[in-house]
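Across the two complexes that follow, chain A remains constant while its partner is chain B and subsequently chain C.
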Partner chain A sequence: MALFQRIEARVDAGIGRRRLGYALLALIVVYFLWFPNDTTQSNYAKTVFISGFFYAIMSSSWALLAGIAGQFSFGHMAFMGIGAYVAGLAARDGFAFLTPESVSSVGAIFIGTIVAGLVGLVIGWLLLRLRSAYLALFTIAFSELFRIVMLTEYDYTGGSNGLSLRPLLQIADVDTARQVEYYLMFALLIVCLLALYWVANSPVGLFLRAMREDEDAASALGVNVVRYKILVFVFTSMIVGLAGGIFYSDIGSERIIPEQLEILQMSLIIAYAVIGGMESLIGAAAGAFIARYLLEATREVVITLPFGLTMADGADAFVWEPGAWRYALFGLVMVLTLRFMRNGLLYPIITWFSGRDIVMKETVAKRESDEDHAARLEVGDE
Partner chain B sequence: MSEINLELNSIVMRFGGNQAVDHVSFSVVKPQLIGMIGPNGAGKTTLTNVMSGMLKPTNGTIYLNGRRIDGHPPYDVVRAGLGRTFQITRALGRMTVMENMMVPGLAIRPRARQGDIEARAHEILDLLTIDHLTNELSRALSGGQRKLLELGRLLMLDPAVIILDEPFAGVHPRLQETIYSYIHRVHEDGKAIILISHNMGAVFELSQRLIVLNNGALIADGEPQAVKSDPAVIEAYLGEDE
Partner chain C sequence: MKHRCAFIVTIALITMLTLVPLGMVSADGHCEFADYTITLGGLAPMSAPGAVAGGVAMDWAFKQAAADINADCGVQIDGVNYMLEVITGDSEGSPERGQAVAERLILEDEVDGMVGVYHSAVGLATMGIMEENAIPTIFSEPWNDNVSANGIIEFDGAAPRFDDGIDHIFRISPASSMVGSVVTDWLIALGVEDVVLIVENTDYGQPAAADEQARLEAAGVTVSQIDVELGTEDFVPILSRIQASAEPPDAIRIVVTGETSFNLTQQMAELGIAPTPDTICVTNQIAFQHVQYWATVPDGNYCAFNRVGIIPSLFNDTAIELNAAYEAEFGDIVPSFGMASYDAVFMMVDAMERAGSYSDAAAIVDAIEASDILLSQGRYYFTYGSHNPDLPEGTPTFMWHQWPDPIVTVMQYFEQGQSSLEAAVVYPEVYQTHGTAYVVPGTSP
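After this line comes the complex of A and B, so read on.
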């Protein structure tokens, strides 16, 4: 602990925590930019990263919706699905007055994004009077409804086989294709995070947090809660609709299947955000990426035994295939996080770099009871 | 000067069979300091909720500065110029004191410079003796400090008419003095204030006019001294003589 405090003092006196934080963030970005050029990495590793970026977008946008605006929605995956399905259908069958030939793959994704936003508008409006548990139940029902329709209408949607979207890229060389897909998804993540941060740090973000704390009080303070509630649904729906359209246009996956829209998948998004820190956009994104990575990395756990030791069967390594146990362990981590670190495992790190804990320490010392406050005023009177 | 700011015409609020507010009419001219009293369950808070837009009246109309506001959502009523505090304080707990002040500041004046709003917030917090808590989360404030913060948020809105619902309840006597001087000051600024309180001493001392509610109906409206000796008021407070 003493060592940590010495480092802390050095940082505070020197570069400053915030600048150090930005420097580290820049390093991480540079690492991600360099990663596909690492020839030792397989295409499979890149695929894992691509899916990590996708889930980072899902979790961070959910963090804005639930963590910052307080709208604990289970419909996030469904909005993603709307974006993907509508993009697929628009490219295959055309959309409104547009023929399939006149819809480009980018155009199809654009249509999917807009439709996801429009559905977000309607759902946001329907949810105006619903709070907490009712809102969650409503969105679960909406999400299931959408999934079952996609499953049942197999003539149009392909049912449980899923729907192929028109590929966004036409690159013959597999290695190059993976590389381009990687950069595309990473760029999308950066753009989405910037957009989310822009909203969260604007007056709108302040109003959203006020709404989360107390909707009636926010309204009594002049915040147009109707407008902002709908706005946050439309905005996040469009982000995940766009991400879904791009991801399933053969970037991360070649087809969208209804299984992706199950409550379990939605729960994973929530779990990533909770573990990373649901009130921090970057925390939720990092939580999702790290969790996805660990879930992939632990498909097979191989521990090479030291000192020439061998297992009973003569193997020199301990091998464990946890299978579904990974999710059980993951659930345990989430339960422990909720119980002991409600702001997420990354919260202390993010707080430290932001320097917020310095401000907190300063102001906690100033807390006082009514009596102390009154006594201080008395002294001032004399 | 005697332009009517707030006008209630025959307001009725019914919850099922229960008539919480029963044909209440009165008007408010600024700057006026009005006390609103009545026994528990008289309908004071319900009437406040109706005036501030949290409840839509079953019947009747409300005009604020010539604009009809009954049935309008609270944020609209606030923008029209009527602000209120809550009987049980509703601080935005996990937001700092400054953020609590910025919410109304930015909501009312979205185009103003953030720096100007912040400067104004500091001024008000200083007046309310809680400037040192600017960066503190508002849930960490004491009960009295929360009351002060609510009053501060109200000033950020700069409304023409202010309703204070039990501003003294559960507040340390010395902090009550701060609230007293706040009320005087806001009144001197030319605002109309409706003060709801069970603290009769404070109401009689501060008010220029008293409105008395009982069982949802307005039973007296006039000078405090005249109202005090009104038989209907005495009966409402002391119960019927057998």
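After this line comes the complex of A and C, so read on.
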């Protein structure tokens, strides 16, 4: 009886933590909604946040694909690029039977999103029957191929000078425009996160987790493994295609360049997800946002010694620029995270608020007690 | 006693630490400076995926310019001396980051003007932000024609983003279209009959090669083209095809950038294909960085290359001093974008002084348009701007706010390990330094 009471109390505590977590999440959302109205913040700060929202979408969608479904793809930036480039080209040159005049900015982004999904479908259909490293290797090759095509087909894509997308918004006042852009990108992040959560917490999400843990066992239990792999691949491709189309329509940047699709940029998306927590969508999104913010905030950090005094010629007495080392430091954090906190730096916090640690402990305790019981039966103690 | 000694040492240390910098101020303090420090934002790629080596040189040039100006009592406006600071923003070679950094420099650091930019994509993406915030800007390296032409108004039929066009942006680097013809003109003048173009498969290489091919063929020259991918290490199979041809070509023109051009040139020289008395070798302009060149292309003597930027024989005192400072820092010759970045800071300061203001953007833009100043790369002026808005028919639109006189030449090494300061300028004739249009391998000019 005492045991049951203890369990009950701890579950209650878990529920309490969950409520606290929801309250905290609500506070964060309120803060983000209020942020553009903070008159002490410049448009630059909003730009940094807009960029953070974009990378949060990239990172959380990759977390669904790799962390939850176990499909380790390096093609995420390429699909984002497909969404952006197709949107830009559709608005400039038209698409299929549509003339440029008949393609609106929103229509162009829609076309880009659909094409990203279709390419994801073809690649998924070709490839997702294969296992383990093949997907990673193929998507690396696909990304590079796409980047090189965008670079060399300069007559259409603008090559290394990039492709300027038709602006999504036409607001003359700079401050108002930035405010609207901020809310648009934030809304996109919320919608994408809700969609990702819906998939992750639906029966499909259970199938994806089952496939990740043991593909053969999931298949034996009746899960159509290939179908669900393709489904999640197409779904995440469309999400990043949409994000790319919107972000590069002068919301976060006025042009996309092939260098944005380099494997280095993809590795940053992976790093954000790893640091935030690959198995947690919100962790990956928060990891990306925080990492982007910190990388930007530490960009120009300069420490001047002694006491900030300067020489007569304007040169600093002793200058140390740790900002120049920020990517190296970021890499170090990622290495340490992978070694000591494989679920990411934010995952333990999210787990604590969700109360899942209690459930996990109870499950482990129950399993151990069952095992002890079985062992005792085997040696004839009872 | 022990405690007393420690106390005295501590006091002495604190006093030294406090007085050393103050002492330096008074030692060099021959000028009275106002409280306000004029700041310029410098955009340069300081980390990947940008061209970091270029960014480092530009950052050095900004700082050097600021140091030289401050040593000469800073920016002098209406009898008041202002200290100058250039804050370098890392564009990472990415339009997105470039835009964010430009905004930070303008809105957080509140810079009074902008200079720099290496990548054209960053220039095209950021000029809108400078325009929105009315920040006078002098670009020192992007080549894309649109930087000084129609700017970011790229969409036919779409509303321009700024009703008044791009007013605040100036460029002192050449537009792509200004660079193209010098090598082909030189080869045609030499009377070559067949040329092999080895071309990188990028948006730089392919249009440049198409342009050169058209010019050469129009002059009756036979042209064959071989495409290569950037980053290729082994060119022997490609070069073997040239070697196997019945007659060696009169010239091999390498339209490949960076380290790849070094590998290609060295392998070509090693195989005895070019430079030879029969075949002229024309390699990439990066060969001007002679330390790198000779370290990677030890057999590349007698290769020619195009040079964008002032040639050593025309170096004035400012260029010589700047080059000496750069050599002391980096052990190589100052690149043209380093010189242009240095000059851009001086031009901006000169315009502020003539405008009598560091904050009146319209007056500063007017002053830049009216610039007539001799700096490390020569005399700077702008033919077309609001002071002369009507471009005559046939004048390309990129001439708006464009310095019309960037020097483009063909140079040639004629001694193993030679400094590019001593290499021969062979074309155009007006700049020739050794009285010859070509130094035949095995001879001296």
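In the analysis below, the second predicted complex is superposed on the first by the 331 of 382 C-alpha atoms of A that agree within 3 Å, B and C clash if a C-alpha of one lies under 4 Å from a C-alpha of the other, contacts with A are read in each partner's own complex, and residues count from 1 in each chain.
Basically, a residue touches a chain if its C-beta (ideal position, glycine included) is under 8 Å from a C-beta of that chain, and two chains touch if they have at least 3 such contacts.
Only a predicted model underlies this, so the values are computations on that prediction, with no experimental measurement involved.
J.: Is A:43 touching anything from chain B or chain C once the two structures are fitted on A? First, second, both or neither.
T.: In the superposed model, A:43 contacts chain C only, not chain B.
J.: Looking only at contacts as defined up top, I'd like to know whether chain B or chain C touches more of chain A.
T.: The partner that reaches more residues of chain A in the superposed model: C.
J.: Just to be sure I read the superposition right, which of the two partners does A:222 touch: chain B = first, chain C = second, or both, or neither?
T.: After superposition on chain A, A:222 lies in contact with chain B alone.
J.: Considering only the touch criterion stated at the top, classify A:207 as touching first (chain B), second (chain C), both, or neither.
T.: first
J.: Could you tell me if A:159 is touching chain B, chain C, both of them or neither one (first, second, both, neither)?
T.: In the superposition, A:159 contacts chain C only.
J.: With both complexes overlaid on chain A, does A:173 touch chain B (first), chain C (second), both or neither?
T.: Neither: A:173 stays clear of chain B and chain C.
J.: Under the contact definition given at the top, report the residues of chain A touching chain B in one complex and chain C in the other.
T.: No residue sits in both footprints.
J.: Show which residues of chain B lie in contact with chain A when the two form their complex.
T.: The contact residues of chain B facing chain A are 52-54, 73-75, 78-79, 83-84, 86, 90-95, 99, 102-104, 106-108, 110, 129, 132-136, 140-145, 153, 157, 171-175, 177-178.
J.: Help me check something: in the complex, which residues belonging to chain A touch chain C?
T.: Residues in contact with chain C: 42-44, 47-48, 51, 91-92, 100-101, 151-152, 154, 158-162, 164, 166-167, 170, 174, 252-257, 259-260, 262, 264-265, 296, 299-300, 306-307, 309-315, 317, 324, 327.
J.: Quick one: which bits of chain C touch chain A in the complex? Just the residue numbers, please.
T.: By the definition above, chain C touches chain A via 17-18, 20-22, 24-29, 46-49, 66-67, 70-71, 83-85, 87, 89-90, 93-96, 99-101, 103-104, 106-108, 119-121, 124-125, 128, 132-133, 144, 146, 152, 154-155, 157-159, 161, 201-204, 206-207.
J.: Show me the residue ranges of chain A that touch chain B in the complex, using the header's touch definition.
T.: 203, 206-207, 209-210, 213-214, 216-226, 359-360, 362-364, 366-371, 373-375, 377-378
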